[in-house]
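Each structure below is given as structure tokens.
Shared between the two complexes below is chain A, which has chain B as its partner in the first and chain C in the second.
== the complex of A and B ==
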């Protein structure tokens, strides 16, 4: 027993090295996050839109669907983005639509993320028959033609709110999360630190959330961003083809209305450009953020 | 204390799990308090699987493992946790035994959360210091560090310290020293010898014959999942009987001697000398050739028959 006082090279005994490592992975990630232009830029755009969605509606009319101004007027001082064929304020619709978009995106991402993670972790960790059954369910949902199913649901539900839309989207977009989480769990489960946790008498739930999940935290974080962007796009698609909410307004519904009343043919560009651009910019920024996060979490991708 | 009786493990392999792969076949041996048993075998001989089955990290296909008279396969939740209070394992690769996201001393904290939630902070710190001192680690150098900041030897000894916090009776040491360099190796070996003095039973799994010889009271030689020879270490190493054991021992490199591939003469099968009608599957798997020395049939699989007496 010769190394009582650590005569072996001791990394932390070197001043300087200790401070870099000792502060932890989290602070290192934050350091690279703040230096990453893709991440910071994308985040700034998303936060700006989010603020507009939260605060904006307080400064415009209470109901964006009321007829307030002259019909089909272009952008002006009183109506910043002009009005629709019926004299509705496009700017007010845009702000309320943003709010709906963020709501649908986050609720659907939350539902899909939670279902996907629970299914993926359970299947991956338990293995055997549980895995077979859960994997089968996942695959069935994965190959469901969601659009067709939603058309049927839309036919049955007479009144559809934004909340219902968010829940439906969430219930159909979890399978890829479950598959990815399952695959990662399978590989992490066989690592010896999981065995050690079992030898420490930890319950399964704790092993999954305290030992396995932290190893894929960056991935889980990105899953939520991807789900959010995907849900926003999917909601816009549904709205545009007329399967969206029957009350309220969203960016997709604005596009749907603009199409229905031939805004394109009439040259009312202020009616369809803002919602289309809004969706594109939000989802685009989210994906750019995702690339940035990838670089933050994966040292191999960092630009030197 | 720990008793394995006819333990087997079969894995299903191939498409639709149609084929069976026997990793461990009908293994029986016993571990008494204060005894070190070394389990020696080449890669893939099933020695790690046996260790994992004893720690209930892998289930057995057939046979029973009893600890203190209780079948460990029946343990559930609380009882299983109590079993781990007395039986612990240290694994081969210290780097993968630690969760890379967290600090290394988290393995000690987990023990506290599971088994000593009522122990006060100061009391716990004293216990940790004592356990670390027992494995010759300096607390200031290993606590509050990430696994990548520590050496393999430090991590390995930290794992043993973790087991010591629990006042264990059985330690499964799976290739604990094959990752360590020669100087650290002897430290860990001496530590295991100290633990043995304290009445701890150690199952020492290794592929290295000389290390197995160094500590063990009992030696079990495994080949393709079954025991070929077993007995007191002095008997097995002093008078190797089974052709496989003899080949294994003759292949240990020695300083100052060129290794030559000489064909060893094994003579007639000792098992069949003692059990002439011994192809009976219900018969004993091993034949007693000495006081505390057992050997299996000399047949080495399909390609080589045992050449009966």
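== the complex of A and C ==
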């Protein structure tokens, strides 16, 4: 990233994209980041849930689907979130479900982010026919209703694992990333420091990753957060309609079971409130974190 | 303008071809064998019965001809409106089952989409740059957009339906009634419709309000707003200009969000046992009725494409630049 330092006085013409000036800017960003209540608060909640997802399952039963307690018991000292109609421990299911949620979210976001960036950078930087073709593909996948496609694919898979779910979600959620990255690459492509790099004979891959990408690093980070949130919601939806992983547990599957065994009619609120609340709080905190990040990176939004 | 529309139509035509190809490809090239799965589901004991059923389903999928001919036959059947026969509701054709369910889904979706878009934009524009509102309602909107559709639906069904007993939960109208134009039936229909509508409306509303708030803040920072303000224009006027400019990305956003909202409608219907496409999705999955599921998939794709095209037309109406052939839009 240090190579970009020479081009210091470039203004950030694209909203949300700060031109990299080196360590000074990074220290300034950190200064505002630590004082941003939205960012710190959101991050704290997400980290707390992440820790629960990583550490939690070690402290509960090995298999969250075994019948351990009395059926349909409310929250108590021994079963913190009560039990299902079959006597499964809801708290244990919740902790294992959190693990699945974080896994699907990060893997799917990573896949979608990489595809979106590669397509966006290539289309935006190359231009011409390559751009036309990639743009057409992006637009086609963008119009396809993702959930319907996922539904068809998942239905024909006889054995579904969380890994496969994460991959298929990632494969179909990249188009808007490609579009946004392409637009920003287009505006960065004609900057002087990129021209300089091109004149000095750097290969395209190096120009993209050393000159262009660092200038939208903050934006790409925010894209990852949005992809994570979106993937978690997609996974929960698939799980709920009965196309979730065929073994194991996830927050969406808990909702699916609760609906299937009419927890609503039986008034077993401890069965269906925690999983949905978990998803809502995690994704909501991420969105609020994103607003905080936006304020840190974009000074115009800062003085509210 | 002609170029704008022809480009859009090309994209939609390509998307349709891709969707149909996915629909054709997946049963054939996925690991596992749909014919075996369906035969196994029937649970026949005698080997003759299994063999006969196997042959029947193989013919139904058209597996007994070369691959390229299978693909052409698939298109042929599709264009004549033949999507196969449902196994869940044997022997009804898939098309007629879906046609019977579509009005219920549209009746939920169209009001929920339009009202949430309108109200979200109005409310978001009102809240922008108002510190008190920003600190009180903004977090609520963020929580709403982060809520999984089915969870809000479950909460509403449980709190307002079961606990408070304000609205009936389950089915699109009471099982004891027959559809007719009587007041009794219509009021029953509306009372069953309200909760699914409300839960779709609320989740979508949060997203539109947040988007509009951010766009208005951005527009109020633009040069034309500052210039107008420095000329002494009342802030109401400045905000009105900002609103009209901020509306354009929101129209595009509506097109982008359609798929997500349709997915939301599917799960919301499942929660309320509302007899639209979502209910069919659930039954098709439970019964491994692949023909029905694929038919629903195509209907959803066609619906989303048609809605996209309508939004394109609206875009031309609200953005004069596309009419003058100066680009704009995307």
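Please note the rule applied: the second predicted complex is superposed on the first by the 280 of 304 C-alpha atoms of A that agree within 3 Å, B and C clash if a C-alpha of one lies under 4 Å from a C-alpha of the other, contacts with A are read in each partner's own complex, and residues count from 1 in each chain.
Criterion: contacts are C-beta pairs under 8 Å (C-beta built on N, C-alpha and C of every residue); 3 or more make two chains touch, one makes a residue touch a chain.
All values reported here derive from a predicted model rather than from experimental measurement.
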I'd like to know which partner A:129 touches here: chain B for first, chain C for second, both or neither. neither
Once the shared chain is lined up, is A:197 touching chain B (first), chain C (second), both, or neither of them? first
Does the superposition put A:211 against chain B (first), chain C (second), both, or neither? first
Quick one: chain B or chain C, who's touching more of chain A? C
Where chain B and chain C land on the same part of chain A: residues none
Once bound in the complex, which stretches of chain A touch chain B? 1-6, 8-13, 21-22, 25, 191-193, 195-203, 211, 214-215, 217
In the complex, the residues of chain B that touch chain A are 52, 55, 57, 77, 80-81, 84-85, 88-89, 91-93, 96-102, 107, 110-111, 113-115, 136, 138, 141, 144-146, 148-149, 151, 153-154, 159, 183-184, 187, 190-191
Can you tell me which positions in chain A touch chain C when the two form their complex? 15, 136, 139-140, 142-149, 151-153, 155-158, 176, 179, 229, 233-234, 236-237, 240-243, 252, 255, 258-259, 264-265, 267, 269, 272-273, 275-277, 279-284, 286-288, 291, 300-301, 304
Footprint of chain A on chain C - complex, ascending: 11-12, 14-15, 18-19, 22-23, 26-27, 30-32, 34, 37, 131, 134, 139, 142-143, 145-152, 154-155, 157-158, 161-162, 169, 217-218, 221, 256, 258-260, 262-264, 266-267, 270-271, 278, 281-282, 285-286, 290, 293-294, 296-297, 300-301, 304-305, 308, 330
